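My structure is below; once you've seen it, I'll send some questions.
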Amino acid sequence: MPGTPPTRFVYLGPEGTFTEAALRTIPAAERGLRTPARSVPEALEAVRAGDADAALVPLENSVGGAIPVTLDELVTGSPLVITREVVIPVEFVLAARALTPLAGIRSIAAHPQASAQCRNWLLANVPDAVIVDVLSNAAAAISAAAGEHDAALCAPIGVPRNALTVLAEKVADHADAVTRFALLSRPGPIGEPTGDDVTSLAVSIRHDQVGALLAVLTELAVRGINLSRIESRPTGVQLGTYVFFLDCTGHAAEPGLGEALQGLRRICADVRFLGSYPRHRLTPEAPVASPRGLSSTDFTDSAAWLTRLRQGDLA
Amino acid sequence: MPGTPPTRFVYLGPEGTFTEAALRTIPAAERGLRTPARSVPEALEAVRAGDADAALVPLENSVGGAIPVTLDELVTGSPLVITREVVIPVEFVLAARALTPLAGIRSIAAHPQASAQCRNWLLANVPDAVIVDVLSNAAAAISAAAGEHDAALCAPIGVPRNALTVLAEKVADHADAVTRFALLSRPGPIGEPTGDDVTSLAVSIRHDQVGALLAVLTELAVRGINLSRIESRPTGVQLGTYVFFLDCTGHAAEPGLGEALQGLRRICADVRFLGSYPRHRLTPEAPVASPRGLSSTDFTDSAAWLTRLRQGDLA
Amino acid sequence: MPGTPPTRFVYLGPEGTFTEAALRTIPAAERGLRTPARSVPEALEAVRAGDADAALVPLENSVGGAIPVTLDELVTGSPLVITREVVIPVEFVLAARALTPLAGIRSIAAHPQASAQCRNWLLANVPDAVIVDVLSNAAAAISAAAGEHDAALCAPIGVPRNALTVLAEKVADHADAVTRFALLSRPGPIGEPTGDDVTSLAVSIRHDQVGALLAVLTELAVRGINLSRIESRPTGVQLGTYVFFLDCTGHAAEPGLGEALQGLRRICADVRFLGSYPRHRLTPEAPVASPRGLSSTDFTDSAAWLTRLRQGDLA
Amino acid sequence: MPGTPPTRFVYLGPEGTFTEAALRTIPAAERGLRTPARSVPEALEAVRAGDADAALVPLENSVGGAIPVTLDELVTGSPLVITREVVIPVEFVLAARALTPLAGIRSIAAHPQASAQCRNWLLANVPDAVIVDVLSNAAAAISAAAGEHDAALCAPIGVPRNALTVLAEKVADHADAVTRFALLSRPGPIGEPTGDDVTSLAVSIRHDQVGALLAVLTELAVRGINLSRIESRPTGVQLGTYVFFLDCTGHAAEPGLGEALQGLRRICADVRFLGSYPRHRLTPEAPVASPRGLSSTDFTDSAAWLTRLRQGDLA
């Protein structure tokens, strides 16, 4: 986390998508400069080149899964770290140029992933409408505004931007679907733990062996570190080599996670630190408690005990 | 694997994509009926409803990762099992209506995932061409054939189908990129092991705890079962519950994997068996050997020893 | 457990020690023939040779620890199995030919292990008496009866046998000290589980490595088997090779322990089954419950599930 | 290890046993004051009270196993630490007042443990001799010198001391039997690692559960620490609580073992440090190498990496 807060933001465009909506929930970005990028690699390149201070890109979607291009970009090129995560509900609306009865809708423009997420609603409510694939949620709204199709399945942010009218709200089949975005910056000293943090890692193991992954999880478990996500990806480089993307509970400045990081460093082919940052919770929820004996205080106490022991104080 | 071989095949369409190419590598499908489906859910529904005997759908791409919709469909609805996997190289070609020097190409139609996989080649060879996003590899070929764009980035299968000419072959940045497809059928008695098999599972654990995943891996490791893939997906149903998709080395008819399956059944919230089938290897390669003491013979021997022991024969 | 109950018993002599007292708690032995042996090897040899049906020998003492000669005899020679354990409180008395005030006692005959177990009592109550080492608890009683010493530290059983008078009861420093004896027979079909059984094993691992022992414990833990005792002994045969004596919770006829036994057989250099037998509890106490999902019923259910799965029934 | 080397030594007497022989292999003890104690507790009490600088007591015998009284004394009372181990071969000789043919020997005085260790030799060479139990190896030699018995089974050290003649050397059945002694002192700053050290611990776990012991071993395994010995003993205090005596490869001043000690401290009911000291090898042998990635250098490197990472240096 650099000393000066970022002011120049880049994000995965185009304008009017969920990524822009997510970016605007960050106060510094709402005040700062926001530039859309054509792709995730382009957004990250802008930060690496110093043309932007931070990039917001999608990391995973609770329905669609990880965004492979983001993961791949994080493990190649010069290091970037996540300094903040933003989780926003994925709400889709059905919108049109003017208020229209659903029965009159014959064609709906939609990004294929959007129509997949609303499939049951569409079958139940507009069974006779033709769904026309378009290339983004923003493109869907634009085509409805242009009258190319009767309606659009789009993000709420696309409605005012294209002067549309909402025909139906929250049409996604999974009411609690979310998308998680990462704000990426060039590395700096890690900040202070907040007590409810996530640490993201990309860990390479040598073989497609359950033993190697078991060893990775054991390094974490022994220090009481929980995983909130694990994702394997074959490295393009070499067959039989995997990269695991891990989201761990805790902060790299804490003793337990620090010890676990060292352990991974010793046994893995490669460990790439992707940042420690506060967990974004949509609803207030207590952080997962450390297992008995494995809190930061326990780590500090056991270190003090060892120091005394080494000096001959066994009381 | 049902008693009678499948004759009616459905696959993720449209025609002219990699999925159709993959299907045609299966002799029974080459002889049988092949029907494209509009989506993965539609393809699987055809098999569940008995309108088709088997469906071929993409499972994962070595560059783009897992296909979430396929994974999600496999864990919902009535059970289907993978009876065969097909792995094919993902080769992209640049094709046009007629032979043209690359320097003359101003616009290229491409599916965004295709252009992502060929990014470096495009930058190096057609730096000035505009890349126009389209909705599928087949659509790219069609639009080039229609003269809407100067060229298309498409699958080799799209070339003869649209009477195109290849301008450049193997333009993907990762020469060894592959896509893996699953042939899905209604469940039947599992077949015989071939000695080089994969067993796919979807395993639900109760909490986002490293301990629960560690327990799953330990059940496998203790029986000498390797993992060739692991993928976590949050279940839409409930936060903090994960489904892990595991590809294990071995066959459910073998004693070691059978014991491991029982172990998972006992400790997991849910275990869904997704099939045991021969591993498809693009290049001949020996299967991973069992760890010492953990071959099928060792399992059979230890079972015989226990039987003798229970009868009082301790020699 | 052979079909006909044993009638000819041999035990570690001499008469009048705790072993004889323990033997007489077994109804069949109280009715049958009881012959003292000069040593543990001699007792076991009598059973191996068919001269006796069963031998009772000490296995461990809660104060003095394991009886090495018993452990060593169990892992050499033709196999014998424990069919019953007997746990009796180790109570020491101070006895003399006639009732005498403690202040008048100048010399006490005692086996060194007995005086060690009563050290604090002796210091507090007969601080001026000289403790004279003798070779057994029985020898102590005999020498006091012969007037060689003023008193004896001995087992209660030695009092009537030598017409002594008790000067003080329960003089051991640890009020709840116990000795555990094993009744050994030639192997036969294992009996039925009682629901609160112990299974004893001698397991040889190849190297002095934490990893090998970890693997042994993992085989047990994965099947929900608890350890109530573990003891390592170097094998005389070869340096760096260890035998572990394990007392496991459960019975070899149960599916979970049966699976664990097979697992040990596969990974260990050698597994010697030393018997499954009811746990002897001095005070009524519930047996340790199986961990969730790891009861015998859970094992039976998961086996039935696997059978259905292999037949294609995935419901 | 106190600043000034010990000069006043106490050892388990009487004189003329293996313990005295072991003590005299230590140069400082050969030069210093050597006082026999009547028992292990008495020897340790002399050090605790400051009446002696160090006590040599037997720890384990490769044939007879652990010496329970020593283990028990180490975990009660004020802390003492092992600063040195001495391993000596257990050689027994058959000795008499004058050179006599074996055929003429009718009675042999022997400590029961000694005759047990020479059982096969005695059966083969003096089958007709009566073995008379006496209370120590020293007592056996004394009684032969006094003419009470024709010969004695004793330690070589007893021969010159009692002016005996050796009739047969190395009569023990296990040629490589050894006894291991511990030199105990009051705690002081731990010394420097030699590269081939042992660290002894007494670890209390809460329940008789395989899981708790598995956790202990995992803490060690994760840091690449080997076990050369494990011994469980029930604590007299409370049923179901065990103390494990562990001999670990390594030194408490090393980073890997230091981290493991902290880990044990966090998860165990109690950890008692019993000393880090050079391993005594009877024959030159290379120390066990650390597993890959787990040498002291690897620990130092990973700590430096974490420091850099926390400062934002991810290169």
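Think of it as A, B, C and D in the order they're written, each chain with its own count starting at 1.
Quick note on the criterion: contacts are C-beta pairs under 8 Å (C-beta built on N, C-alpha and C of every residue); 3 or more make two chains touch, one makes a residue touch a chain.
Just so you know, these numbers come straight off a predicted model, no measurement behind them.
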_Touch-network distance, chain B to chain D, counted in steps_ = 2
*With chain centres taken as the means of their Cα atoms, state the distance from chain A to chain C in Å.*
59
_Euclidean distance of C-alpha centroids - chain A vs chain B, Å_ = 25
_Centre-to-centre distance between chain D and chain A (centres being mean Cα positions), rounded to whole Å_ = 57
*Which residues of chain B are in contact with two or more other chains?*
218
*Mind giving me all the chain pairs that touch?*
A-B, A-D, B-C, C-D
_Touch list for chain A against partner chain D, complex_ = 79, 81, 187-190, 218-219, 222, 252-253, 258-259, 261-263, 265-267, 272-273, 293-294, 298-299, 301-303, 305-306, 309-315
*chain C contact footprint on chain D (complex, rising order)*: 39, 41, 62-66, 68-69, 71-72, 112, 116, 119, 133-135, 174, 176-177, 208-211, 213-214, 217-218, 220-221, 225-234, 236, 239, 288
